[in-house]
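Structures given as structure tokens follow.
Below are two complexes that have chain A in common, paired first with chain B and then with chain C.
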Partner chain A sequence: MIIADRKPLAELLEMIQDCDRILILGCKGCVTVCNVGGAKEVGILASALKIARKKEGRTLEVDERTLERQCDPEYIEQVKNEVGDYDAVISMACGVGPQFLSTAYPEQRFYPAVNTTSFGGAVQHGVWEERCAGCGQCVIHYFGGMCPIARCSKSLLNGPCGGSAGGKCEISKDVDCIWDMIVRKKTEQGRLEDLLDVKPPKSWDTARDGGPRRSVREELVQ
Partner chain B sequence: MRLSYPSNIKVIQVPCSGRVDIIHLLKAIEDGADGVYIAGCLEGECHFLTGNLKARKRVNYVKKVLEELGIEPERVEMFNLSAGEGPRFVEIAKEMAERIQELGPSPVNVQKKAA
Partner chain C sequence: MSDLKSGSNLEKVLKAGHFAFTGECGPPKGANVEHLKEKVAHLKGMVDAVNVTDNQTAVVRMSSWAASTIMLQEGVEPNFQMVCRDRNRLAMMSDILGVSAMGIRNMLCLSGDHQRFGNHPQSKNVYDIDSMQLIALAKKMRDEGRFLNDEEIDVPPRLFIGAAANPFAEPHEFRPYRLAKKVEAGADFIQTQCIYNMDRFRAFMKRVVDMGIHEKCSILAGVTPMKSVGMAKYMGKMVPGMDVPDELIQRLQGAGKGKVAEEGIRFALEQIEEFREMEGVAGVHLMAIEWEHRVPEIAERAGMLPRPRV
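What follows is the complex of A and B.
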């Protein structure tokens, strides 16, 4: 799923400084699962912003709503009647949500409430980690099912750098060296020689370097 | 309860401290409470195993939110005591009432009155 973290309240308060009436729009997709932008978080943010305003001696009217998804025009359309009633709208979806909203309602101001960070999953309750960098040409099967593009700080494809120590990456003792894990797994599997197959430089055409990506499924296009 | 605790404390009973969510604590502050605390069972003695541990984490979350907003995080607190400890309940109530007295009214209220 897409992983995000909430922006600091001060940043959000500054965005809506001149607003008296706002809508906070949550999303029931990824951001609900990573507990950053679902109905619950919408309620918490609404309350926090109102507390901040009361402290300033001003009021803030906040409506709360959570859409099924914010990456589909079908759901974006559900707010068409009320979206114009607010001074601004804060979207708690990943970066896709406020963009779809801005396109659909060009008159309104939409602010992102979260910083979208990565594609990944929950490694324990309350902790999410990056697993994929969306390179557009998946190669994890060469590396014991682990992605060195997303999980090696240098995206190395032919073994660890000289900074790998004690299973940790040289950038931080809190970051596992994925190459240490790949080599360990291959060794345990008795397939270490797989790694002798040298990988040529990867083409990044399918990644962001090739420009914005687009997926078309002809059978569905109307 | 026969033991008396400070009258400016409003007690809200819940089946387990784990029932208290972040939004309940925030709403209390938003609606003008000068402070809010959870009196949960002793750690390790929750009937639902981790209710009081979750409550403590939520209290810590709310403390962080208040800090971000420039409001004293001490206005929100978690206490643990056993259900049979009436006197301890009173002690905590007094301690919290005193703490809030020292902090003064919540900035949310100060502005409301000034306005």
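What follows is the complex of A and C.
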């Protein structure tokens, strides 16, 4: 899923400083699963903004709503009758949501409440980690089911750099060295030879480097 | 000598069977050419080639190719370093052609320290290709006369291709294999990370010799004399992939006030003596960090002078 982190309250207050009435729009997709932008977090943010405003001696009217998804025009359309009633709308979806909203309702201002960070999953309760870089040409099967493009700080394809120590990456003790994990797994499997060929340079033309990506399923296009 | 790959002094020294001795020089944090020339002057005649670092520790400095060119003008052979952090494949290939055109004949291919360590941690890194692929790229350009996309090169570069090896990084058991891959990719010579844990290095070299890797490339053992106890502790704790045993720190501490640097040099000299005899080691790479002026003394005391003329 898409992982995101909430923006600091001060940044959000700054965004809406000239607003008296706002709508906070949550999303029931990925951001609900990673506990950052679902109905619950919409409620928490609404309270936090109102309290902060009260401290400033001003009031803020906040309505709350959470859509099924914000990456689909079908659901974006559900707010068409109310979206114009506010000074601004804060979207708690990933970076996709406020863009779909902005396109659908060009008159309104939409602010992102979260910083979208990565594609990943929960490794324990309350902790999410990146797993995929969306490079457009999956190669994890060469590396014991682990992606060195997303998970090695240098996206190395030919083994661990000289900074790997104690199973950790040179950039931080909080970051696992994925190459340490790949080598260990292949060694345990008795398949170390899989890592001995020199992997050629990757083509990044399917990644973001090749320009914005577009996926088309001909059978669905009407 | 028509079978030389690059015609560099380092290549000739190694080919003639001499025990090679290389140095290192970091470009200035500015366009201070005089300061660079001063540092280079200390190394002249003392070593066979001098590594010119490429924004080392991700701190921005004068470009390695420009500093290499200045070095060349000063009569010292550079070993031009290139990291994968700052250039994509287009920039790499054009710089490879550029340095070759300027008469630079050695090139060391490195991944590069992550920018998080440097003075611009906000920067975007590149890592379009990795160090292994950079080695293979340089070899392809030189030997096949072709770019990565197979287009023909109008006068291919002539370079003696180097790579790094860190026997102390983990997983330890994979390090000889990674070295073997670099040689397979096209490395003509290898310079290792600074060695302090001699036991681990001996074990690493034994494995390298058993695998026959030393017969396909020249391995230069990395030596950096410790200037102080603080430096030893810092390198052991803060520099990724560095292994500084407690015994060495204790030895330096025991040297007494004002004598630590001399003890550091003595340890380096003992290392060099052992490397001369160690199977599979073809030379020493002396990284006297901001200590270029001590290189003549170290070279002299290590019995490395005069350097062979080939």
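To be clear about the criterion, the second predicted complex is superposed on the first by the 222 of 222 C-alpha atoms of A that agree within 3 Å, B and C clash if a C-alpha of one lies under 4 Å from a C-alpha of the other, contacts with A are read in each partner's own complex, and residues count from 1 in each chain.
One rule holds in what follows: a contact is a pair of C-beta atoms (placed from the backbone, for glycine too) under 8 Å apart; a residue touches a chain by one contact, two chains touch by 3 or more.
For clarity, every value in this text was computed on a predicted model and none was experimentally measured.
Aligning the two structures on chain A places chain B and chain C next to each other without any clash. Of the two partner chains, chain B is the only one that A:K55 touches; chain C does not reach it. By the touch criterion defined above, A:T32 reaches neither chain B nor chain C. Contacts of A:P8 after superposition: chain B is touched, whereas chain C is not reached. In the superposition on chain A, A:S91 makes contact with neither chain B nor chain C.
In the superposed pair of complexes, A:T66 makes contact with neither chain B nor chain C. By the touch criterion defined above, A:G166 lies against chain C but remains apart from chain B after alignment on the C-alpha atoms of chain A. In the superposition on chain A, A:S47 contacts chain B only, with no contact to chain C. Vectors from the Cα centre of chain A to those of chain B and chain C enclose 110° in the overlay, to the nearest 10.
The wider contact with chain A, measured as residues touched, comes from C rather than the other of chain B and chain C. Once both complexes are placed on a shared chain A, the shortest Cα to Cα gap between chain B and chain C comes to 25 Å. Chain A residues in contact with chain B (one complex) as well as with chain C (other complex) do not exist.
Against chain C, the residues of chain A that register as touching in their complex are 153-167, 170-172, 177, 180, 183-184, 187, 192, 195-196, 198-202, 204.
Residues of chain C touching chain A in their complex: 84-85, 89, 111-114, 116-117, 125, 127-133, 136-137, 148, 164-166, 169-171, 173-174, 177-178, 180-181, 184-185, 193, 240-241. Every residue of chain B that touches chain A in the complex is listed here, in rising order: 22-23, 26-27, 29-30, 65-66, 68-71, 107-108, 111-112, 114-115. Chain A meets chain B in the complex at residues 8-10, 40, 43-44, 47-48, 50-52, 54-57.
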